[in-house]
Every structure is written in C-alpha cells, then in structure tokens.
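In the two complexes below, subunit A is the common chain; its partner is subunit B in one and subunit C in the other.
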Partner chain A sequence: MRNPLTVLRRRLSEHRELRADGGTTSQAGSILDRDSVRSAPFWLPPFLLIGLFIYGAIIWNIVLSLTNFQGLGSPDYSALDLENYVIAFFGGTPSWSSLTVDPIWNAAWNTVVLMVAFSVVCLAVGLVMAILVDQEIRFENTFRTIYLLPMSLSFVVTAKFWLYMYNVETGLVNLFLGAVGVGPVEIVQNPDIKLAAVAFALIWQFSGYAMIVYLAGLRAIPTSHFEAARVDGASTLRMYWRVIIPQLRTATVSALVVLTVFSLKAFDFLFSMYGGYQPGPSADILATRMVREAYSNGNWAYGSAIAVILFVMALAIVAPYIYTQYQRGEL
Partner chain B sequence: MSTETGRAGERSLFGHSLRRIVLYGILVGMGAFYLIPIETGLMTSIISPETYTGNFPYLPPLEPLVPGTGEFSLEPWQGALDGLGQGLVNSVILVVPATILSGLLGSMAAFGLTTIDWRGQIGIYILFVAGIFIPYQAVLVPLTQFWYNIVPLQEVFQPLAALPFVETYHWKLVALIVTHTAYGLPICTLLFRAHYKKLSDEMVEAAQLDGASVATIYRRIILPLSIPMFAVVFIYQFTQIWNDLLFALTIIQFGDAAVVTQDLVGIGVSQAGTNFPLRMAAALLAALPTLLVYIFFGDKFAKGVAA
Partner chain C sequence: MSEHEPNVSRRTVLTTTSAAAIAGLAGCSGGGGGDGDDGSGGGNELELLHAWSSGDGNAAIEALIEGFQEEHPDVEFAEEPVNGAARSNLDQVISNKLQANDPPSTFQSWPGKHLETYDGALEDIEEEIWTDDLKENYLAGPQEQAQYDGRYVTVPLNIHRINNLFYNTGVLEEAGVDAESLSSASDVVGACETIAAETDAVPFAHQTSGTWSTVQLWETILLGEAGIDGYESFINGDGDTEQVQSALESVVELSEYYPSDSSSISFTEANTMVMDGDAAFIHQGDWAAGAYSNADGFAYGDDWGQVTYPGTSGSYLLNMDSFPYMANNPSPEATRQFLSYCGTAEGQVLFNAEKGSIPPRSDADVSALNAFQQDQYDDFNAADNQPPSVEHGLAVSPGVKTNISSAFSGFLEDYDAAATADALISAFN
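Entry: the complex of A and B
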C-alpha cells in the first residue's frame, strides 16, 4: 500500500534539469523544493502588490470606462456600453449628462505635438551636449551635475520657476526680449505660444537626462572606432555623423521611450503652472483633460475612457520597446 | 594631434586652443541656461516683498547700494515655512516609509526573479518592467474608488487617533504610502535586477551546495552586496515620491493630509496679486530636500536615472 501523498510527490518531482556544467540542479524533490516556489516569498508579495495596484486597477479602469459613472455615488456595472468612446471620438451629448461634451481631438493633438517637440529637441540638445562633454573636458563632473540638476526638481517647482521666468513684467525672458527690442510678450496665457512655452520649460528640465544617456552610449563605443575613422581621414563632423551617431541607436531608443512617457506625465507641470485643472484649450493635453473630467467635472467614467486611450497610446510606444529588449535578452 | 595617445587625442573635436575656448564657452553658457531659473528664484526669495520691484530679478537684494534691487529679508522664507510647514511634515511621513518599502520589496522581487534562476520568471519580470511606463491616469479613478469606497482605512484610523502623534487624517497618508510603494516597485526591481545580474553566480551556487536556504542566501550574500544599489534606489525613489503631485491630488485630494507639492501649487497668489518673493521661497523650500540629496549624492542619482 503506497501513501498517495508519496505518489503525488514523485509525480511532481520529475522536473530535473541538466545544467551546462554537467551537474543537476537541486530541483529534485517535491514541488515545494522548486526554485520558483522556494523563492516565492521574495517575488510573490511584490508581484501581488503590482498585480492588484497596477494591473488590477488598469482592468478595473477599462470596466469603469464602459459604465455611466458620474457625480457622487458609486458606479453601476450592470449596463456596460461604449458610449464614452463614441463621445470621446465624436463628441455630443451623452446619456449621463445634459451638456454637450467635446471630443478629445484637441487634447490628443496637443499631446502628440508636445510629445514630439519635447522628445526630439531633448534628444538633439542632449546629443550635442554629450558630444561636447565627451571631449575630455576639465570639471566634467561639475558640468554634468549642473546639466542634470533640473531633473531632481518636481514638476510643480519647475512650473513655479518658469511662471516667474515667463512673467510679462518681471520675467527674465521678457527682460531679455526687451533688451533685444521685442516685447513685452504675454507668454503663459498666450494661446499661440503657451504650448511651446510649456515644451521649452520641460526641455530645460529633461535635456540633461538625454545627455546622460547619450554620454553613457558614447563611452561604450570602443576607442578603436574613433581611431579607424581618423585613419580613414574622416573629418570630425563626418566621423560623428557616419560612424558614431549610428552606434547610438540603442541609447536614442531608450532615451526616447523614457522622454515620451515623461511628456505623457506632464500633468503635474500644467496643473502647477495654471494653478488648477484649466490650462486652456491650446495647452490642454490628454493627461489634464482626463483628470479634469474625472476630478473636477465628476465625469468619472468619461475620464476613465480618456485614460484608456492614453494607456493605449503609451502601450503602442512601450510594448515594441520591451519586446525588442526581451528578444535581445536585455531584460 | 598624432603625438597624443589614448581617447583624449583620438576623439577630440577641438584641436586648437581657440576651439577649446569656444567649447568651454558653450559648456559654461549651457550651465548658465540650466542654473538661471534657479538662481533668479533664489535671489528673488530673499527680497523683502514690500521693496520688491521686479526690475532686476536675477540680482541679489542690494538696496540701497544698487537702487531697484530691493532690500534683503528672510520674510519670504518665513512665510514659506508657515505656508508649507504642515505639507512638509506630511511629505516626510509619506516619503520615508514609501521609499524604504519600495526599495526593500524591489530588492526582494529582483532577487527572487534573478539570482534564483527558474524558468518562466522572465514573464513575471516583464509585468514588472511594463509597470514603469504606465501613464498613471490609467489607474486614477480605480485608485480613488479603492481607497475611498472599498478599503475602510478611515474607520480603522478613527480609534487609532487616540494614540499620541496619530491623527485620523493619517489614513490618507497610509493609502498614499501603499500606492507609492506599489508604483515604485517596477523601477526598483529593474534597478536591483541590473545589479544582481552582474554579481557572480559562484557564491550563490557554493551556498546552495552547502545547503543554504533561499532566505539565507538573500540575507547573508545578496543583501550585503546590495548596499550600493540601495543608495541609488533610495535616492531615486525619495526624489520621485517627494516630487509627485498627481497621486497626492487624487488620493489625498484636500484637507490636513495635503503634501508639500499640493500646498505649493496655490501659494503666493492672492487678491492683491502675486507675491513673487514668497512664491520663489516656497518653491525652493519644497525643492530643498531633493536639491540637497542631489547635490550630495548626484552621482548616485545619475546612475538611477540612466538605468
């Protein structure tokens, strides 16, 4: 008579792996001895935490976006439909409101403009700065520290500084413009340039980050590549353009992904700069629109739908990146 | 040029001293660009608000030596301390446990998903990495629902408020600590995993052969070797959590539990107009902890952001 538990144990213990060095791993034994299980006390609690708070919340948000949740009270999950997405794309008067709700195109367009302008300029400035810093300069650490300094600041703080810089009467930008005979120019509330002003301040904050990433990329290129280009008689500009910059692709992609995600998070900056939920139509991005709809107007479900759209945009950028990282075995 | 050896000679863009001067000119100019908004804020923050003219925001208050620059005064900083005091205290209550928890759990997760090598762990790890890039808007409404309507944290805190130093509104800070811990975990795990991948396997294998348990390997081998990475992770997380506004705005919303970034948004604006010295002092005061951390541990911060 065999103990059924022993049978079960033996069944579960067939998992035996041959290692490259010829020995076998200590995975023999019951399922409780497997490495995945033995290490579970370490990875499982953090995994449950992100499972609940990140992935659980994302799924819940998708469900919420299908409801008519509005105002006080609690959401009603019995009638789910895509009405909020129809409103988001085409506008109109939803069943949960007596007012007309605008579609998201304006905010979506501003989001893309901000994202592209901010990321591209950050990368360009960062690349040039990284090449300059890479010229065996003195006080390199001091320069690097200064260039990265704004990144340690909060969006809220940065917004306060630039609100002051952009001020019509006392701002340094207008004092400078006045010195060259222009202005004074209203910047912060000027519909024509406010998005550019926001992008400029964000570039001030994050171009140092692009520089750090590019500098690490430049330092990873073997000196022999520089030497080879020199021997071939390439001019400096040509050497960088033809030989060095193509090798910075990985650095560019990873910096680009991070910067793009930063720009999607520019909510904090806009909230602080405009002192609330109303940056005005020409600086409104999806991040601000979503929070305004939900937390200011009480249109919770509609806000959730905008959040889903924002999430899909982020996913479209991030998923290919993570996939290629995975394929290269760099995760 | 040809007599120079090594990297310096071979990759130098600027051979002549004139080019060298131009190079340093650009570098210093860019340095000024990055520093001027902060410098202007600092100078304005020590001007007495009554004598502030705004004509020379970048100059220190040198009245009566230089007319129009205003008189020196620490009044704005006093005002900022009064206005942000409660927020600063709340931010400290929030940021210390959230930083330690996310760092510690991140290290544990990375250990269980890297050092202990098992099939299928990459799938779980990918979920951690993807979490770094989630736009937080995608979880805000559920988070608010969760903390306000699902978890009875507020009721738990009502009896606790009888204890010294505990107030009922602290429940919001606890909610925010848990939230920041969860959302900090992905980046912490990534940073620790990068570190653990570089550690040699030999020590861990030897310990396993000696029959050491997983917990022993973590405590005796991995944890001591993680200390430099803990510095990087703690500095990064401290900065991130201290600087956050969005989660605070949607979980704390308003009231006594408001953190410093929330208080900073509205400070220095009144019917009479904007009090720029006060506002700049408040911005600098709110930024001071992260600025100090950055100035003293800048290299570790750079390591964290470059990862």
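Entry: the complex of A and C
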C-alpha cells in the first residue's frame, strides 16, 4: 500500500494541474477512476457504515411501518399495507389492536410549530448576537463562550433548570414578570403557553450555536465588502441587510439543518420536564407520541409509521432550502 | 524523521479505527443473533434485571440476593441494575432483549395486566413454584395479580400501598384537625380548608408536572366514592361516567389546596414539604414513608402519621413488584430456586425490611420491619379486598394505561372533569 499522505498530496497537485491547462479530459477521466479506487480505503468504510446504519435503518423502518408488528415476536413482512398511515391520519381501530387509536394531527401540529418557531427565532437571535459580537468589542471571546455554553448542557439539565426557572413562586421568570407588574403566571402546565415555554428554553440553549455559525460566516466576508458599502454611503442597517446577510446563506443552511434536528430531539427535554412520555396535549410532539406507541404500548409498526412521518416532515422543511442553495451553486 | 512521525500515527489511527469498527460490527451481529451462547454461561448463572440501582431499592435487592445465596451458594448472579428513570428504561431493555430472543432469567416487573406486554414469553410456574404453601398464604388479591390468562407466571415480592394519607402531626394539631375522624374524600377537602384558614402551611402537598401522582390520587378517590364494585367495574372497562367524573371533581376541589408551584416540583420536594412542616397532607404510596424513616427527628406517631385514605377503609390498594419466569430461560434450575425463595416469608421479609413495603404473604413474621410497616401489614391482613392499582400497571393493560395517562395529561392542563371522564371511559375502547 502507498503512503496515504503522498497519494493525497499527489491527487491535490494533479487537480491543480488539470485546472491550470483545462484540456486533457480523457486523461482526467482515467485519473479520476484510479483515484476513486485508490482512495477507497478512505471513503468506502464510512460510506458502507453510514449506508448500513443510517440509510439502511431508514429503509428498514419504512418497511416496518407497513407491517402489523405489535408486541413481542418478529414482524411479518409478507403482508405489507398502508393501514398504519390511514390510522395515523384518520384514527380508528386498527387490525392489530382492540383499542381505538387517535390520529396524530395534534402532535404533528405541535411539532411543526415547535420546529418552525424554534429554528426561526434561534437563527434570528443568533444572527443579531453574531453581528454584535463581530463589532470588535472587548472580551469578545468571553461573550462568545458565555453564549455558547448552554449548548454544552444536556437536555436533562436544561429541562430541570427551566422547570425551576418557570416555578410560579420562586422561578426567575415569574420574579421578573412580577417586577414589571405581571403575574404570577402558571407556565409549566398552562395549555396556552406551555409549548412556547418549551421553545423559549430551547432557543436559550441553542441560539449560541447559531451565533457561532454566523460569526464564522461573517468572518469569511472580506473587509472590502464592508468598506465598499460604507464608501457608497450605506447606513449600518442597510449594509447588513443588502450586503452582508445575503452572503450568509450557506451559514443559514448549515445552522438550520442542525437546529431542525435539535428541535426533533426535544423529546429528551419534554421527557425530563414532564417526567415521562406524557407532556400533555398542548405540548405533545410526534417524538413523544412515537415513543408512547412503541415503548408503552408495544405498537412497534405504528411507532415506525410515526417515525416515517416525522422524517418526511423534517425533509420537507429542510429540502427546499437545500435545493435552492444547490441550484445557486452555493453548496 | 519528524516528517515521518505524523504519517505513522495517522496510519495507526486509521488501523485502530477500522479495527474498532470491525469489532463494533462483530459485537452488533453477535448481540443480534446471539441466542445465549454466552448468556447461559455455566447454566447456573442467573441473569436478573431490575431498576433498583440506588437507595432503598438497591439495599433491598442486595439483602434478598444475599439471603438466597446463603441457601444456594452455587448460584451466581449476573445482576444488572438498569439505570435511568425508574422503570421505563428497564421495560425498553426487556422488550429489546425479548425481541432478540435473549430473555433474562427473570426481571423486575409489575404483575397483573402489565404482563400483557410479555404475552407469549412467560411460562406457567404453577407446578414448580406456586405450591399449595404459596396458594394458602397469599391473599386473594395478590394471588390474582400473579396470574396471566389464568396461569401462574410470576412471584409477587412486595406490596406498596396506594391509598394512604400521610400527614404532619404538628401542622394538623395547629389547625385542630384530627386525621382519624375523616371518613370521606370530601372530609379531606374540608380539613384542607381548615388548615388553609388556621395555618401558613400548604394543606395538600402534590406534584403536577408528571401525571402519575394525580392518577393514583384519582383512583384512590374513585375507590372511596364508588366503592370496590364501582372501582372494579371501571378497571374492567365498564365504568360509570358519573362516578368517574365525581371522583375527578373531588380532585379538582383538592387542587385548590396544592402548593401554588405544584407544576414545577417533584414528588420528593412535595414530600419534603410535609417533613419540614410546610405542608399538612400528602397522598402517596408508602414509599413516601421511606423518606420519613430516614430523616432525623421525624418519628412515626409523634411527628408524622398515616391513615387509610378517607373513604377507602377496608381496601388495600396494591402496587407490587414481582419476578416472572421467562420461557426459554437461560438458567431454568437456578431461576426456579430463586423464584421459590422469593415466595418464602423469609426472603420477603429480608427484601421488604429495606424497601419499606410489606410482604405479600400473610404469614410473615414482620417483627424485623419497622412500626409503620407492621401497622400497614396489620391493615393488609385485615383488609376486605386488595384491588390492583391503575397507575402502577396492575389493573389495566398497557395500552389502556397509556390512554388513561394521556387523559390525565390533559386534565392537568385544564382540570376539565367532564371531558376527562369521557376520555377515561373511552380509554378502554
């Protein structure tokens, strides 16, 4: 076997040469061929592992959602149908249960609200913080660390922490509301604001992450762009709106993808905050519903169907954005 | 040389990583297809899974195993506490193991309808373990819970009672309330009113962030108001909407006397309020008393007391743990020996002395238990009936229990008794 670093170095230099003369395509093809084979030790193992454990598992889950798998034993793959999806969307008594199963609309709606509100506000807060931290202020590193720190905490810690923050008697949120003459307000079990309270806590935890991503994006923009905008007489607001923010698309996409995934993981948060799989109808999301169906009731196939719906929803939110970015050639 | 160093280390890293990945893959496939070539081990190694990973539960299971090993020194334990939020993690681990066709010897499980989860994986143990001795000495209630589909499949080990009302003696005296004189759920509400007027203490400590405390409070009140017949109709799916709603309305009345931050506190915090004299009553299973006996200067009788929840006298509302016998058992002989030991009065006393619950056998010598447990044990033996708890998995199948918990998660948001009553009745359909 050749020294991998040498191979890599040669490959890079070959590319550079190709770009320089731009001509010999047939040669380029064969080199590419050989390269892909030669570099197989690098990309093949992760490719296979990811293929098996991520995409293989997704496909298996989709097949599972078409079965009637329930309770112990093993799924029967011979009779596949869409019954679980019919039940998920319209409710009713499925063939694998004697109990009526409610449709998932309530949990699906809560999931969408949480996902959209959390991601959008998180990005907005992160962007504002990044712009402020980018003003070459003193103690910039300290601020950056402080804003990012909540992200290093586990959901369990933040859920217990916010349970305390939202306490009617002693929580800081209510003390603050009291100081401005509002409250005390019941938050944790209040159907009107419970989901918002969860979203708020998650935003607190993850806006620091959005800030870091935006900060990196801002740093990548050449100073000349700022200067040019200034010379042309743009106000600060106008400069950011017309010149800087449009250049942060890539940062937005990468932050958005990660944040969407985090919002799906809100299960941990709800589990810790409400001490189980029952956060109540106004904060019930698809993830809690899915775990209830699978692990409380043993309805594995139905749980898989909910997982597929969740997966499609996440794709539906992220895919259009990624696609437009791809068309613009920015990915 | 220095230019060469990083190459070597990178290659080492690469080799190590792929070796680890291959080992990981091998481990996965071994776990998936493993039908116990290592699990069964010597054949005498007993794989026991439980969630008693800390505190009194851990001390109790250790005492039980120690007692067992004195009689059977040849049996080894591959004991595995499953950590995490009490029982839900354990249930997931068991489900996963059973699906991989790798059952443990036995594990901590609620008996009763909860056993439906393990339908098909349980073995009838009437002949070997449920001897006449056990049948004579288990009261009818617990004995019924040991059966699934009419077959004896599990050995109940302990009983926690649900229909208790604990109180702080000092607070009640200050308010001039006599707990013994209360005889119905509405008397409790009346007493709370007096306490609120006469003292600074919170009348009724309760947590509402999770549903479980409220479900068990409601089932206790239902048992009191609708009687054993009404209660049994409900758990058999034939409940009376008015009775269910009326019990919920009693809970709504009581909720006026909860701590104002009940949604942000845990059971432990609520219980501590009673211990500190910041609250008068708490309705809980008798694990609440475990914290009292561990506290200095908080003595049974002098500082705290317990009455059967007003209205439910004559009933001992059961929450039990048990050890079922799994089919395809990795250690058949050792498991039978262990389950038989769990069915003895001696083993049960060892376990319950630490756990704070009582033995399910009615012939146990309970002098080793504390005074409160002995009183509970007397109540148990004198009880007219021992109905199973809804919240603690005995009375209804897992699917119904999930529906009931969901109904209560809505109830905690809006306290709408009528809507919740409908949801509870339709939980069985």
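Here, the second predicted complex is superposed on the first by the 262 of 331 C-alpha atoms of A that agree within 3 Å, B and C clash if a C-alpha of one lies under 4 Å from a C-alpha of the other, contacts with A are read in each partner's own complex, and residues count from 1 in each chain.
What we mean here is this: a residue touches a chain if its C-beta (ideal position, glycine included) is under 8 Å from a C-beta of that chain, and two chains touch if they have at least 3 such contacts.
Computed from a predicted structure; not experimentally measured.
Engineer: Counting only touches as set out at the top, which of subunit B and subunit C does A:Pro94 meet: first, second, both, neither?
Structural biologist: neither
Engineer: If you stack the two complexes on chain A, which partner ends up touching A:Pro184: first (subunit B), second (subunit C), both, or neither?
Structural biologist: The answer is second: A:Pro184 touches subunit C but not subunit B.
Engineer: Does subunit C touch more residues of subunit A than subunit B does, or is it the other way round?
Structural biologist: Between subunit B and subunit C, the winner on subunit A residue contacts is B.
Engineer: Just checking: does A:Glu136 make contact with subunit B only, subunit C only, both, or neither of them? Give me first, second, both or neither.
Structural biologist: It touches subunit B, and subunit C stays clear.
Engineer: Looking at the overlay, what does A:Thr170 touch: subunit B (first), subunit C (second), both, or neither?
Structural biologist: After superposing on A, A:Thr170 lies in contact with both subunit B and subunit C.
Engineer: Mind working out whether A:Pro279 is in touch with subunit B, subunit C, both or neither, as first, second, both or neither?
Structural biologist: In the superposition, A:Pro279 touches subunit C alone.
Engineer: Which partner does A:Leu64 reach: the first (subunit B), the second (subunit C), both, or neither?
Structural biologist: first
Engineer: Between subunit B (first) and subunit C (second), which does A:Val157 come into contact with in this model arrangement: first, second, both, or neither?
Structural biologist: It touches subunit B, and subunit C stays clear.
Engineer: Pick one for A:Ile212: touches subunit B only (first), subunit C only (second), both, or neither.
Structural biologist: Only subunit B; A:Ile212 stays clear of subunit C.
Engineer: Looking at A:Gly126 after the superposition, I want to know if it touches subunit B, subunit C, both of them or none. Which is it: first, second, both, neither?
Structural biologist: A:Gly126: touches no partner chain.
Engineer: Overlap of the subunit B and subunit C footprints on subunit A, residue-wise?
Structural biologist: Correct list for subunit A: 41, 45, 49, 74, 164, 167, 169-171, 271, 275-276, 295.
Engineer: Considering only the defined contacts, which subunit A positions touch subunit B in the complex?
Structural biologist: Within the complex, subunit A touches subunit B at residues 26, 34-36, 38-47, 49-58, 60-61, 64, 69, 74-75, 129, 131-137, 141, 143-157, 160-162, 164-165, 167, 169-172, 175, 204, 208-209, 212-213, 216, 223, 226-227, 230, 236, 257, 261, 264-265, 267-268, 271-272, 275-276, 286-287, 290-291, 294-295, 300, 303-304, 306-308, 310-311, 313-314, 317-319, 322, 325-326, 331.
Engineer: Within the complex, which stretch of subunit B touches subunit A?
Structural biologist: My answer: residues 6-8, 10-14, 23-24, 26-27, 30-31, 33-38, 40-41, 44, 54-55, 57-58, 105-106, 108-109, 111-113, 116-122, 124-131, 133-146, 149, 178-179, 181-183, 185-186, 189, 208, 213-215, 218, 239, 242-246, 249-250, 253, 261, 264-266, 269, 276, 279-280, 282-284, 286-287, 290-291, 293-295, 298-299, 301-302, 305-306.
Engineer: Quick one: in the complex, what on subunit A touches subunit C?
Structural biologist: 3-5, 41, 45, 49, 71-74, 97, 99-100, 163-164, 166-171, 184, 186-191, 194, 271, 273-282, 284, 292, 295-299
Engineer: What residues of subunit C sit close enough to touch subunit A in their complex?
Structural biologist: My answer: residues 6-7, 10-11, 14, 18, 21, 85, 88, 91-92, 95, 98-99, 117-121, 208-212, 259-261, 263-266, 398-403, 405-406, 408-410, 412-414, 426, 428-429.
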